[in-house]
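Chain naming follows the written order as A, B, C and D, and within any one chain the residues start at number 1.
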Amino acid sequence: MYRPILRQSAKQLSCAARPAAIRGYAAHTTPQQFNWEDPLNSASLLTEEELAISETAEAYCQERMLPRVLQAYRDEHYDKKILEEMGELGLLGATIKGYDCAGVSNVASGLITKAVERVDSGYRSGMSVQSSLVMGGIDEFGTQEQKDKFLPKMAKGKLLGAFGLTEPNHGSDPGSMETTAKPHPTKKGYLSLSGAKTWITNSPIADVLLVWAKYHETGKIRGFLVERSECPPGTLETPPIKNKNGLRASLTGMIQLDECPVPAANMFPDVEGLRGPFTCLNSARFGIAWGTIGALEDCIARTRTYALERKQFKGNPIAKYQLVQKKLADATTDAAFGTLAAIQVGRLKDKGEAAPEMISMIKRQNCDRALFNSRILQEVFGGNAVSDEYGIGRHVANLFVTQTYEGQSDIHSLILGRAITGLQAFV
Amino acid sequence: MYRPILRQSAKQLSCAARPAAIRGYAAHTTPQQFNWEDPLNSASLLTEEELAISETAEAYCQERMLPRVLQAYRDEHYDKKILEEMGELGLLGATIKGYDCAGVSNVASGLITKAVERVDSGYRSGMSVQSSLVMGGIDEFGTQEQKDKFLPKMAKGKLLGAFGLTEPNHGSDPGSMETTAKPHPTKKGYLSLSGAKTWITNSPIADVLLVWAKYHETGKIRGFLVERSECPPGTLETPPIKNKNGLRASLTGMIQLDECPVPAANMFPDVEGLRGPFTCLNSARFGIAWGTIGALEDCIARTRTYALERKQFKGNPIAKYQLVQKKLADATTDAAFGTLAAIQVGRLKDKGEAAPEMISMIKRQNCDRALFNSRILQEVFGGNAVSDEYGIGRHVANLFVTQTYEGQSDIHSLILGRAITGLQAFV
Amino acid sequence: MYRPILRQSAKQLSCAARPAAIRGYAAHTTPQQFNWEDPLNSASLLTEEELAISETAEAYCQERMLPRVLQAYRDEHYDKKILEEMGELGLLGATIKGYDCAGVSNVASGLITKAVERVDSGYRSGMSVQSSLVMGGIDEFGTQEQKDKFLPKMAKGKLLGAFGLTEPNHGSDPGSMETTAKPHPTKKGYLSLSGAKTWITNSPIADVLLVWAKYHETGKIRGFLVERSECPPGTLETPPIKNKNGLRASLTGMIQLDECPVPAANMFPDVEGLRGPFTCLNSARFGIAWGTIGALEDCIARTRTYALERKQFKGNPIAKYQLVQKKLADATTDAAFGTLAAIQVGRLKDKGEAAPEMISMIKRQNCDRALFNSRILQEVFGGNAVSDEYGIGRHVANLFVTQTYEGQSDIHSLILGRAITGLQAFV
Amino acid sequence: MYRPILRQSAKQLSCAARPAAIRGYAAHTTPQQFNWEDPLNSASLLTEEELAISETAEAYCQERMLPRVLQAYRDEHYDKKILEEMGELGLLGATIKGYDCAGVSNVASGLITKAVERVDSGYRSGMSVQSSLVMGGIDEFGTQEQKDKFLPKMAKGKLLGAFGLTEPNHGSDPGSMETTAKPHPTKKGYLSLSGAKTWITNSPIADVLLVWAKYHETGKIRGFLVERSECPPGTLETPPIKNKNGLRASLTGMIQLDECPVPAANMFPDVEGLRGPFTCLNSARFGIAWGTIGALEDCIARTRTYALERKQFKGNPIAKYQLVQKKLADATTDAAFGTLAAIQVGRLKDKGEAAPEMISMIKRQNCDRALFNSRILQEVFGGNAVSDEYGIGRHVANLFVTQTYEGQSDIHSLILGRAITGLQAFV
């Protein structure tokens, strides 16, 4: 079902004259030639299908998303039609088999993510929540009824999701959460959810909110699908959080639950404790590892163009200066290495062999290096960097957020440290 | 004239109950005790007068400026009354002798700058332009008439200045500027200025614009005081530049001159070539070296407070974690070292013994380290860093700009490299 | 021919009880488990044959090389039997087809290199010269007679090679070399070579020296196979260079040629200019990209062991401290990413699709990161790091040399910068 | 007593023609000129006397020490006459008042230290032990008899000291030491010391060893002056530790005490616990903060010379390349800032106002930055860096040790972190 759509889109899109920025992987160079956009020829590791998907996604993102992002970022506005458009192209929940989802490889999914974050990390965040955190969670842990009810509409972008784990006082340590699910005092067969979640992407516009709460019977964390349309007034509020420093093209908000009634049938049946949310996060983190490389690649391309065009001191393009070339060489290297690592973990994930620590490793490293290099590249723009029209300042601000969310870099280093030494150092 | 005012203000202010954040240098600790706010006891190097000035400035900035900055930054708004208030306190052009200026030491001036930038680099930029670039330029290079006419009003903040050097195509290389000053075709005793300047702080509100242009007779760069009130319509435009990534609490704009008539009497009499603007910049860079340490110190204080209040993992404040403590130790060290270097160059400057390369050194290093450490400290805030209410994101964004303006960091490294090796590496 | 030998050795070796340090890739963990010795499961990308070769090489290196290295490094001694032993195992010139060479993949060759450098970069240097620089050069550019004459004996380690390119005044810029090859004044059919080469690994013990010199007829660089046994007294001297800071377990020397007669038949037939030596260097650099990861992995293993055994402050192993864990996490990540990049370039090399800039990229990055991380890990040893018995100081000293030879890191960044921007910044 | 000697030496030495390398501070440049050897004109902060002492020390070190160091480092040999020569010049225990010591300021003492470490950190270590750790300890905590007995001979370098604190299992955590002092079973009025100390500079040649041990009566740490000449055979062994990676020009060894009888009169009378050794260490750390800047300055000077002489690519000195100039600019900046910080803490120390954390800060920062920059500068030497004759590799190896001893860098960051946050993070 999906493949024709995707293929067809690809075909349609490929007919249009395309700007140079949309290069995808197909048009790469002859053997033995160095291609700065894919320095270690990662394209050689992709299947034909993956190349086609990447091309479709890149084309959509460059042609449809990119023109919207500058204003959206200025205004802290998120156009929810984006998810619908992505749904039409088959880009949502793309690794899920069935339920009108595309059922593609994890690498293909990573390529989609990269294409989106090449435009903006906020747009990628909006998609990650829908695809990895909510659809992925339902697919992994939901009942058959939950899957049938939610997944097809979510795949089309007709039903929007949000993922409520982080609380105001519990970020790196979600096991201490305070949100609870108790038997509803008046509605039979219903649970009553109370508590507050914060920094929730998409919450203000979400139709279905996957909320994690401590279940009264066991004291353990369970997952609940809260449908906004079913919530009585005053039991669910999702106020937006404004004036953000980054990710301004994505919507962020709180989830405030005040004895919100949720049908027992909307609870995930088996999964208990942190395994549930961490499985979802793992999947989203895998996407972040891909996406941030997309943002970094865009920074490289923008810096290269600027440095070739900007002339100082006797008319030399500043791209000719050693200090500029070193910055480009460093960034390009990290992008190339990060891409290979992401592909490798994707292949292992397809085989069910990706340990969570692998994902910690690539999430942490790719975020850190994308952030580091984007900041260094920004220096090349000199005073002009302060203008938002060059785009690189937006990436820098976004990438800082990616480094801190879904496991702040230091936390992932301690996860890795624990795996390496067998000792935990969190407290 | 000034001193009583300043002293009086200091006295008044010191009567008021002051929030902990306003600590100034006076209330430091007993010998042998380590004070994280002044780790190497730089206060011991200051005179009584300097301590009093610092206290006055810190009090004004914390009490009057700080409450405005959050909204101003969000809205890209600059309240020009700030300069008037600073003028009332005697804080503008403070090192100038006479003309109603305070005539204080360069270190005292640095302390004022630091106090302002502790609040916001944008506010400091607005002040630097007024004090160092324009008033300093007039004091150094102006005729007696120019001084008498402009300095007293500028000292009061009644007349606002802007400094037009950078052009759209000439940032690091101002010697290639294209703005020209020719004899005015119709107005006798007037020159006609044409050209465009960009990234000009305060330009949209400036009353007097110090514009550097190539003089027709010699082809050399000369300085011109352009009075907005005297410019015929259409000859001077100063459109604001909006949607900046940083320094949003300061106004930035262009200066567009189209055969703008300027009286010959408004030209600086003697100074030719880059020596004029570079002398002014030198003075402003000296201020940046001080100011950025103020911003860094504010980041340290904010991070420390956050880390002591934020608890994760069994209720431990995150300030207890090694990875957090190391970040604080690094930042505090750079702030302490940077302060001592700034004091030393200030003392040399008072004696006329500060080489320009010394100022390149402290401007570059203090900007670089303030930026580096503020970014690292921002990580401590985790997801909360994205909220502008914690203030640190604003400093990070501002400090990036300080690193690129008035000599981008790499450019200063080549200035130093030239001084060290005797060889220039710009081209 | 080789394969049985290698396989047999592997079998024999695998019977012996092996110390934990020899783990090879075979004994990896179950899916979904994180293995700190191969964090991103690069073993999953290797063929059975490659795994077997790796195991053989690792076993030889750990059992036979490792016990010699401490004393060798102290004494600046190189045991030339090592090359003979490696020859017996089929580890020399391993990618060459025919001539009694093993004809394995570039990845297999990389694995051998990594095994050797896990012990010591000096031992790897000795091997690289033999395999990549000299045998590789002969195989690529030699006449049939040259190949038949030299390769089989070199493959066995019975004939040792050296590679003479760098001159005292021409390191990063070999195109300016001063060594010349002119018609010999008295011996017909001979050329007369004169000049000096320095920093030549193995030169004091080499039997055949591949010397690059400017050819009188064309002024272009050509390659010459100088056989020590054929050189009249006083025409070839190869004095050792002693008192090195690093790579002390490899021999380094000069090559001094004073009208040394070399048969015209010993000149490479076709290759002219820098293409010849650069092709050889490319191959050696590919090996360095692999080898340095071996050294880094050994540093990780040693640090981990030390940190688990060393207890400070209430009996906690220092492996439990956040600052220690972060160091291990960083190093492990760079080793894992670097391994994947090296495999990818190896696969492309097998297909003839590896651009030289790809090799610049992985040589530079893997050297830089191995050096950086080994230094950071060394800090974990505290005062004990100064003792050579912990081994890590030796790696640190060696890795610095790998960063500077065969293209210093900055030079490779300019090679990459040129490929990215199309502009050269060397002068 | 001292001053005439020192002054006289200064005079004598200043008559001799001096190599350019001996510049001292006196011959600095005119105001407004940038002097790369003292970029922020720290000489302006020194007294005439301090300048003279610095000159004497620099002259001695460059003329007498420097010629010995290359061979000494190769052979791991320490010429104990060096301490005697320094004693003759009045350079030992120079801050102590009386007892034939010079009684100079802490800044003067720092300048001596810097002059010594400009040659070699090992030579500085040998002096630090004598001056700061042992003479300083006796002066601070000894009885009048102890002072009279030991200090004058030590000041002359006729009696050599060692300082025994660190034990094999207790480096960063000396409070857990295992060495004990009990009543001697047979000798009345004697204590019996047993235990082992390691990494003890000068121990193999020391005449008097200041050993810290747990005192039987209180279980608290006390200091004991162990005189080698008085120890019965078999009760004191001081085997050297050889094959060090760094500080090879200083002697290091163990102290093994086996029921060693020490007169009760040789115990420090009052000081108990870690205050005693930490006071001594504080003083030594202050010296390290000065000394490492000397080593860094030597690296800068050597690199600058090399870069000006080494030509690559069309005959350009490599000093002309941007990537080289940036390295020099960075290193010079850190040296200049570090010097100012060391002067400031010295001035506070003279007034009794230097908190221990201030010394942690400058020790840590100056070691870290000297190490970091020396490594970066070493890259400029390319392949030649591996030769010990360029000297920079020796500094790099030494500086790594300075970073780990007398408080490893991370430990000092936690000391600072504790002072900043009020929370300790050691366990």
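Everything that follows uses one rule, which is that a residue touches a chain if its C-beta (ideal position, glycine included) is under 8 Å from a C-beta of that chain, and two chains touch if they have at least 3 such contacts.
Which chain is which protein? Per UniProt: A, B, C, D = glutaryl-CoA dehydrogenase (ETF).
Since the structure is predicted, the reported quantities are computational estimates derived from the model, not experimental observations.
Trainee: Where are there more C-beta contacts: A-C or A-B?
Mentor: Higher C-beta contact count between the two pairs: A-C.
Trainee: Which chain's mean C-alpha position is the greatest distance from subunit D's?
Mentor: So the farthest one, by centre of C-alpha atoms, is A.
Trainee: Measuring from the mean C-alpha position of subunit A to the mean C-alpha position of subunit D, what distance in angstrom results?
Mentor: About 53 Å, centre to centre.
Trainee: Return the distance between the CA-based centres of subunit A and subunit B, expressed in whole Å.
Mentor: Subunit A and subunit B have C-alpha centres separated by 39 Å.
Trainee: Would you please write down the residue numbers of subunit A that are in contact with two or more other chains?
Mentor: Only 321-323, 326, 410, 413 qualify.
Trainee: Taking the touch rule as given, give the residues of subunit A at its contact with subunit D in the complex, in rising order.
Mentor: 321-323, 326
Trainee: Show which residues of subunit D lie in contact with subunit B when the two form their complex.
Mentor: 31-34, 36, 39-42, 44-45, 304, 307-308, 317, 319-322, 324-326, 328-330, 332-333, 336-338, 340-341, 344-345, 347-348, 351-358, 361-362, 364-365, 410, 412-414, 416-425
Trainee: Note which residues of subunit B are touching subunit A in the complex, please.
Mentor: Within the complex, subunit B contacts subunit A at residues 74, 166, 169-173, 176, 199, 241, 243-247, 252, 311-314, 316, 323, 375, 378-379, 381-389, 393-394, 396-397, 400-401, 403-405, 408-410, 413, 426-427.
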